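Two complexes come next, and they have one chain in common, chain A, joined by chain B in the first and chain C in the second.
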Partner chain A sequence: MQCKLVPSICSYCGTGCGLLFEVIDGKINSTLPMKTHPVNEGKLCIKGWNLHEHINSFMRLKHPLVKTFGRFIKTDWDEALQVTADRFKEIVAKHGPDSVGMLVSAKITNEENYLAQKFARAVIGTNNVDHCARL
Partner chain B sequence: MNDRVKRWLEDGTVDLFLGYKMIMGHPLPHCFVKEKIEEVNDLIIGPARYSLEKIATHIAAVKPDIKIGLLARDCNQRALNVLYIWNQLNPENVRTVNVNCCPSNLKEHGDCSYLEHEAAGSFKRQVGIDNNLQPENIEGYGQSQRLSRWMYEFQKCIKCYGCRNICPVCFCQECSLEHRELVGTGALPPEIPIFHLVRAVHMAGRCIDCGLCEDACPVDIPLRLLYQKVNEIVSDVFDYKTGTGDSQSPFNILGDTVTLEPKPIQLAKTAN
Partner chain C sequence: MAGLAAAFGSGAMTNSIADIEDAGCIFVIGSNTTACHPLIARRIFRAKEKGAKLIVADPRNIQLSRFADVAVQHRLGSDVALLNGMMHLIIRNGWQDKDYIAQRTEDYEALEKLLQSYTPEKVKAITGVDPADLENMTELYATHPPASLLYAMGITQHTTGVDNVKSCCNVAMLCGYVGVHGGGVNPLRGQNNVQGACDMGGLPNVYTGYQPVADAEAREKFSTAWGTELPDSPGLTITDMIPAMLEGKLKGLYVIGENPKLSDPDWNHLNHALKELDFLVVQELFLSETAQVADVVLPAASVAEKDGTFTNSERRCMRIHKAIEPVGNALPDWQIIARLSTAMGYQMDYASPEEIFDEMTALTPKSYAGMTYERLGLDGLQWPCPDGQHPGTPYLHKDQFTRGKGKFHAVEYKDPAELPDKEYPYFLTTGRMFAHFHTGTMTRISPHLDVEQTTGYVTINPQDAGSLDIKEGDVLILSSRRGQMEAPAKISGSVEPGTLFLPIHFGENPTNVLTNAEAFDPLAKIPEFKVSAVNIEKLAS
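Right after this comes the complex of A and B.
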């Protein structure tokens, strides 16, 4: 019997509420708001309260899938990235870099967002960068 | 306190102990075990309250025979009583270390002060209900004003279900608040006042007045006040004090017959 309470940050939106995962025997059993966290002060919205449900969901994507002849085939990360890179190269060569756009997210970190826009501008060569929180 | 917990873990009085520990600068609930007994030196009472008994019920649901120790303030103690009565925890498998509670007139020093709600803003004072009021203050408002004030509070609800999720005595497998025949699903704000009243009715004879629901409410609905009122009725009519006795509340409709029995003074009134 193992019981752990793991502090974490809600990954649902860019607010960054502090929360605790109640882990019993390696399975996340419930989510609790962190009382002393300066962002949410012990409160959560319905999405935060139910984080454990989508972690445990059977619908959750756990492996990279590549669409081949209309069907999703399970693959490994190396191959998935290679296929994506090859397709990007093909599209950029045929239609120009502005045919590609990059959508980044409030759910990922600042540093990851920085890397993503750098990748769009320096590697692909387009300014088509947008973000879900650009309201 | 720490020595006692160490002794309990070592001699097998408890298999695990739920207390608090500073983790990354936050006083967080932590599960202490025999294998990492040196951690018990970091066991603290912690200024922030979490429902340790609710965590204990989750553990007991996975492993019913496990012996659990936990830090208990007065509110935890009342919640444990309710959970024993409703067979969610076995009192033989639970040991508590009782600790100081909120400061009051009787007790100057308290380790917990979470029940002192911050003062209401002027708009809330004018059209809503100040969370620091007592049930008798609200009755002074008069019926129509009371309704409009409660409706103002209820319409703020974002239906996060936080009040139910954090509640130490909410353990039903199926919740009425998610039952589409009882409460409309989907829309925001939820169907008011029925959403809050369904919960209020279920809190009668169950609520142990810990105030965690109000702590967790993102829109500051004075839930504790509402549940204090329903419990006041249970206490006045049925003479049932939640969290203190060893019998289930009169609102137990499991079984073939309903055994609601008013307290003697109420019986006398109806006889006249």
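Right after this comes the complex of A and C.
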């Protein structure tokens, strides 16, 4: 049996509690509070204690999906990304870059938010970037 | 955040979470802290144990109210009047910090003049708060330094959201509580990386570290770093994107990790708008309500399946570490974006999130420049952290405000966009409950959280329930000018007579069928989720 504790941060509210994922044989078994963390000092709320449950859910998306004649068809990354790239390029060519909008997320990392706004600004060519802080 | 930036020059929590314990008084307004930020509520309780006073102002009788020295239930949307009333009394009693006002702030005179009319009697007429309570809470706040003011969406989700925030800043500056340990104006962020998303330029008008896209120098810097020309005019906010979709101006939308179908105001309006799009891509963990109507759905890795950083409410940038492989064929969002970009002809080759982080810090001199993965360690660092030796900043505006002087704003009270009338006689407000999170995509599939509350509900006062012959669990039809929905009744004194509360987590009882997309703060573009007028009827059995 392989067991390890991996430090992370809770992905629910904006408090940012430090936690440890208990990983046994490549699967997350539980979420534990990090005792030394300056934010939560060894405590978690009910959501934090159960953070791993949504990660392990059978409802997680496992494949890219492309809608064809109103139905989702499972596909691979190359095809899904090519379809997306082609459609965006077509829209930009026809209606200009400001006809595309991007909603980035308060749930993804800083690095991913940085890349997402870079994608909108440098690749699409629009400042139509926002996220749900307003909501 | 627009209100905070206008007053102080920085749109973030001024102080640290641990700081709250050292406050002399804690003033919580528009935050159901024990339910929404339990580990911040813990600091409030610890402060109380050390002798701090606690004031709670909320239209509902929340759990925290029971522990307060003074708790008031002010009428929905009357925050500006309540805060102006407090400031009126502070000045009348001479409790303001005159040296601080003179040395560190500007535009005080206009505020002082405006406050003259906010007598306790006038404030009672608007807010329903008894003058004796107003006097008690004001005295506690002004005479137990330093006082820490905490607020959340109960302040911002109004047509007057920016005004509300400015008023919070006014009252804190009036007493000299900004720029000191244990004090400050502290917005509690609802989502784990809202602060980071803003810091990273996930906004229509700024790049990372709030560098304006309209500023030629900033644009030139990013343009050089990214090797391409960049657009110079600010883009559309989410609130502006919806009408743009309806008018056919916005044709394509790329949504990452968001569920606007459930979180945006006025569901019917948005549903209609999404149908007008030529192309919708959603990148998500689950087939959310929004993903279901997408043309392409991209499966993203979860928090445990990637490396990276998050920045919490107190500006602390912290590392997350990859614990397991992504499920199925899911990929981390950074890899998806980089591959899509490459497919569109703009090469993005990053070996790791650390490379992206280093690119970002090099472009963000004032706040993130001094951070590296190694320096972040387990505890993280609080921005501003401008260089490699800087220890991070536990509280802002120490000797000087970010904008130089703190700016007072004379803010008049304005009514919410919609008030109850004959046709729609009830106030409706919305919010979260302790076991669930936002649109419920993560918590409702979590067995131990789902079991706490499996369905939506509407909270109604026993008096209203009695007069309409409603029993616990009876299904009610709620209607507003936008639409109607059903939810079972939960009878509780936590809401005042004439007010209803709906939690936002439940897709089958979509709260935002009722709320108002037309009513939003003109500057911050935050919709008024917290106040709408509705009617209720019992579903005939």
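Definition applied: the second predicted complex is superposed on the first by the 124 of 135 C-alpha atoms of A that agree within 3 Å, B and C clash if a C-alpha of one lies under 4 Å from a C-alpha of the other, contacts with A are read in each partner's own complex, and residues count from 1 in each chain.
Basically, a residue touches a chain if its C-beta (ideal position, glycine included) is under 8 Å from a C-beta of that chain, and two chains touch if they have at least 3 such contacts.
Small disclaimer: the values here were computed from a predicted structure and weren't measured.
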item	value
Touched partner set for A:A80, first chain B, second chain C, both or neither	second
Partner chain(s) touched by A:I24 [first = chain B, second = chain C, both, neither]	first
Residue contacts on chain A - larger count, chain B or chain C	C
Chain B versus chain C as contact partner of A:K107, first or second or both or neither	second
Partner chain in contact with A:C45 - chain B first, chain C second, else both or neither	both
Partner chain in contact with A:F69 - chain B first, chain C second, else both or neither	neither
Chain B versus chain C as contact partner of A:H37, first or second or both or neither	both
Overlap of the chain B and chain C footprints on chain A, listed as residue numbers	4, 7, 18, 34, 36-37, 43-46, 48-49
In the complex, chain A residues that touch chain B	1, 3-5, 7, 18, 20, 22, 24-25, 29-30, 32-37, 42-46, 48-49
Complex contact set, residues of chain B against chain A	15-16, 23-24, 26-31, 47-50, 55, 58-59, 62-63, 66, 158-162, 165-166, 215-218
Touch list for chain A against partner chain C, complex	4, 6-18, 21, 23, 26-28, 34, 36-40, 43-55, 57, 59-67, 72, 76-77, 80-85, 87-89, 91, 94-95, 97-123, 125-135
